[in-house]
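Next, two complexes with subunit A in common: one pairs it with subunit B, the other with subunit C.
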Partner chain A sequence: MKHTLSILVENKPGVLARVSGLFSRRGFNIDSLAVGITENPEISRMTIVVEGDDRILEQVTKQLNKLVDVIKVSDIKPESSIDRELALIKVEAGPKERSEVMQIADIFRARIIDVGTRTLVIEITGDVSKINAMTDLLRRFGIKEMVRTGKVSMLRGAKAVKEE
Partner chain B sequence: MAKKQKMSGAEAFIECLHEERVEVIFGLPGGAILPIYDELYDSDIRHILVRHEQAAAHAADGYARATGRVGVCMATSGPGATNLVTGIANAYMDSVPIVAFTGQVPTSMVGNDAFQEANITGITLPITKHNYLVKDAKMLPDIIKEAFYIASTGRPGPVLVDLPKNVQTEETEFEYPKSIQLRGYKPTSKGHPLQIKRAAKAITEAERPIIYAGGGVVISGAHAELRSLAETLMAPVTTTLLGIGTFPGTHPLSLGMVGMHGTKYANYAMMESDLIIAIGARFDDRVTGRLDSFAPNAKVIHIDIDPAEISKNVAAHIPIVGDAQNILKELIKELKPKPKSKWSEKIEKWKKEFPLEYDRKSKELKPQYVVEQIYDLCPDAIITTEVGQNQMWAAQYFKFTKPRTLISSGGLGTMGYGFPAAIGAKVGCPDKTVIDIAGDGSFLMNSQELATAVINDIPVKVAILNNKFLGMVRQWQELFYDKRYSATRLDTSPNFTKLAEAYGALGIEVTKPGEVRSAIEDAIDSDKPAVIDFQITPEENVFPMVPAGAAINEIIDYGEKT
Partner chain C sequence: MKHTLSILVENKPGVLARVSGLFSRRGFNIDSLAVGITENPEISRMTIVVEGDDRILEQVTKQLNKLVDVIKVSDIKPESSIDRELALIKVEAGPKERSEVMQIADIFRARIIDVGTRTLVIEITGDVSKINAMTDLLRRFGIKEMVRTGKVSMLRGAKAVKEE
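Our next item is the complex of A and B:
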């Protein structure tokens, strides 16, 4: 099962290495990881998607909490959160394919952000399954390159993942 | 110290150590730490020059375990720092509070593969509780205060502080912080009252309880509470290797050590119990044997300060996170004394039936006999051990009655630990007799520290149980590899007596049982460091023994065929 962990960490050099090192050292697999600063510039947030059963999740959470630079770890449940990921996709599309690719992008409310003679670059934001669905459709044109940010998540409503 | 004084980073460093009341540093200098060594030259902080940095880390560790205070070691950048690594890993595995300071190339050169540069914060990431690269001298006071605080609180452990050379020389304003702000580090010390009530109920209902105490009891200083818990419940107490000494080995409720080389009765009691009260112990594989058959009918109360240990290996029914002493105090208030039970009788019967055994009538020199005589002559000594058979015989045959008297490398199993740890322990407890019960293989891994002991007048004693083998490995080869002694014969080199004498220590050779007591007495009476070379039966084995992967009641006893 996949879990999304929202982790508040000190915005200090080496923190990413401490967190990612812990995952590999203890044999936990990271599916995706996104990092950025928060409303407080001293604190960064990592959103990490990890695969594993509840036992593994419990160990991961406890081990993360032991890191001095980790302030808070929350397991974000899909039903109470909103998730987004951003992807840039460079698709092979000559003059003949271009309109079909643009239509697909349109349906997914993605944007064309660069046009070359033989390629288009599409920017799409959405939950992970939406991005997957679009890339599946684009595959037959040929995806030259894809960059994904990894998922970021936030609790719905007034609740927030904050340090206590 | 006046507020905000201008000084160099190196001077500030010394001031910080004063603030932390550091009395001794074990270390060895080099280019990248020269400014600090220059300041140390005029300082009243004692520096003990080791002959290999590994020994500095182990000595700091031995000092910490013997005294309960933070041990400090120091090395230069690059090879000095990497030589500390084994000692840091050792302290990490056994939760020992040490702070390691390393020199580093100047910040402008960090990352350039400069001469003697090693990324020691990267290297020690998985084996420190936390570490720091100091980039600016004005950060020193905060970082050093945090380092000592983190090392010594919660579940203790090693902290490394890497000090680039320019940080040591640049000028800074010194002011020691009064408090610490660590958003991400808040160890729990008080146990949850509801969990304590639940534990008390389970204990009251249990028919076959067993207390399983580990190193956490030593760290917490909970030995008196442990004893009162055991005596209130008339419950047997078994300990891990690191828990030895938390409960008197001479007490009628003591079962000694549990696990691979534990007593048969401790292992039987663990397996048949209906309630395990685990205190500051982590159900290591050397304790549990095959996990899926471990204590099948037992409920588990797990008291530990580290939440990550709860249900890591063995599922806990009633976890209580916090400081053992705090929790036991509260728990005992909830309990009524219990009388002796059928369970007590069963255990007493096992104890009579399966005592620790060896060939006591032998004319040969037996290691178990040697340990018994050391105990008889110096029952109050601090014993350190090396790793292997020597370690297990020390754990089995010396009846430790007080915490912090057995100092042994448990989690990492580091050969070469015992001797430098003994030096550290003796420095911390100068009035105690300190004896390293050693193996001939292990001792050679840090025997150069004889120089440290002699020159600094640290009269530790080394009792080598010399079997001319990497004995524990040979034992496995004998039992599981058809006696094919691949690379385990050490033969007769060196002559340990002469080795000791070469350093200016006392060397004594013992080949017969009749010489054992006088040799120990001579070593203890001498004001010099001493090495006794006990030439024991080469192929003596450690029993009882649970083969790797077996359940802990599938235990081979002395004289039993495998």
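Our next item is the complex of A and C:
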């Protein structure tokens, strides 16, 4: 089963290596990882998507909690959260294909953020399935490059994963 | 100086730990990191923002290139790239504050993606300074939680950071 962990950590060198080391020693492959700043410049938040045995993941979570620089670990359940990912997609599209690609982008509420003579760059946000659906449609034009951020998650409503 | 590295790696357990270990052993703090899938399911792309001495970073880049699971490393220059980050921001806003917060979101072309009785969740994409500008405006309502993906970058025009 896939799990999404939201981990608050001290913003210090080596934290990322220690956290990712814990997963790799247990043979967990990290599907996606996003590390960004929070409202507090001394604290960063990692959002990690991993797939693996639930019992072993529980052990990993306990070990994460023991690391000095780890402040909080939460396993975010999909039914109570909002999930988003950002993708930049460079599509091969000259003047002839441009309008059709723009139409597809429009339907997915995506944005064109760069135009070249033979390419367009599209910015899309959404859950993984929405991004995959648009990518599938664009494939026949030719996808020159795709950069994705990995998923971030937030609990719906007033609850928050916070340090206190 | 800040650098943005775009690194193509084999999608295998342990790669992230080895890459992040290289940075931490040299005392580099990673500002942000985004790891996502590419068009090829066997290859992931890491976008790393680091600040530090240019000469040491060059050495780190050479060492990265020597790791078996690293396919390509590119130092992406800001003047020739498009940079984007995704942030989810949970703002304290009841019925009275809601319309003002929605107005601010609108100006920044951000989207409201969840509404609670006392909170709103805003999704925004943009470069770091745009996200910071909106965050600054929202602070007086109270920011309950912020999750950011870290920056991703893509070269403008037809060029791509590719495996071949």
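The criterion applied here is as follows: the second predicted complex is superposed on the first by the 163 of 164 C-alpha atoms of A that agree within 3 Å, B and C clash if a C-alpha of one lies under 4 Å from a C-alpha of the other, contacts with A are read in each partner's own complex, and residues count from 1 in each chain.
By definition in this document, a residue touches a chain if its C-beta (ideal position, glycine included) is under 8 Å from a C-beta of that chain, and two chains touch if they have at least 3 such contacts.
Bear in mind the structure is a predicted one, so any value in this text is a computation, not a measurement.
Between subunit B and subunit C, the partner in contact with more residues of subunit A is C. Shared-chain residue A:77: touches no atom of subunit B or subunit C.
Within the superposed three-chain model, A:2 lies out of touch with both subunit B and subunit C [touch as defined at top]. In the superposition on chain A, contact is made by A:163 with subunit B only, not with subunit C. In the superposition on chain A, contact of A:33 is made with subunit C only, not with subunit B. By the touch criterion defined above, A:90 lies against subunit C but remains apart from subunit B after alignment on the C-alpha atoms of chain A.
In the superposition on chain A, contact of A:21 is made with both subunit B and subunit C.
Common to the subunit B and subunit C contact sets on subunit A are residues 13-14, 17, 21.
Those residues of subunit B whose C-beta lies close enough to touch subunit A in the complex are 121-122, 125-126, 129-130, 133, 150, 182-185, 306-308, 310-312. Against subunit B, in their complex, subunit A makes its touches with residues 9-10, 13-14, 17-18, 21, 25, 55, 58-59, 62-63, 65-71, 163.
The touching residues of subunit C, when paired with subunit A in their complex, are 6, 11-14, 16-17, 20-21, 23-24, 27-39, 45, 47, 82, 84-88, 90, 113-114, 116-119, 121, 123, 125, 135, 143-150, 152-154, 156-158, 160-162.
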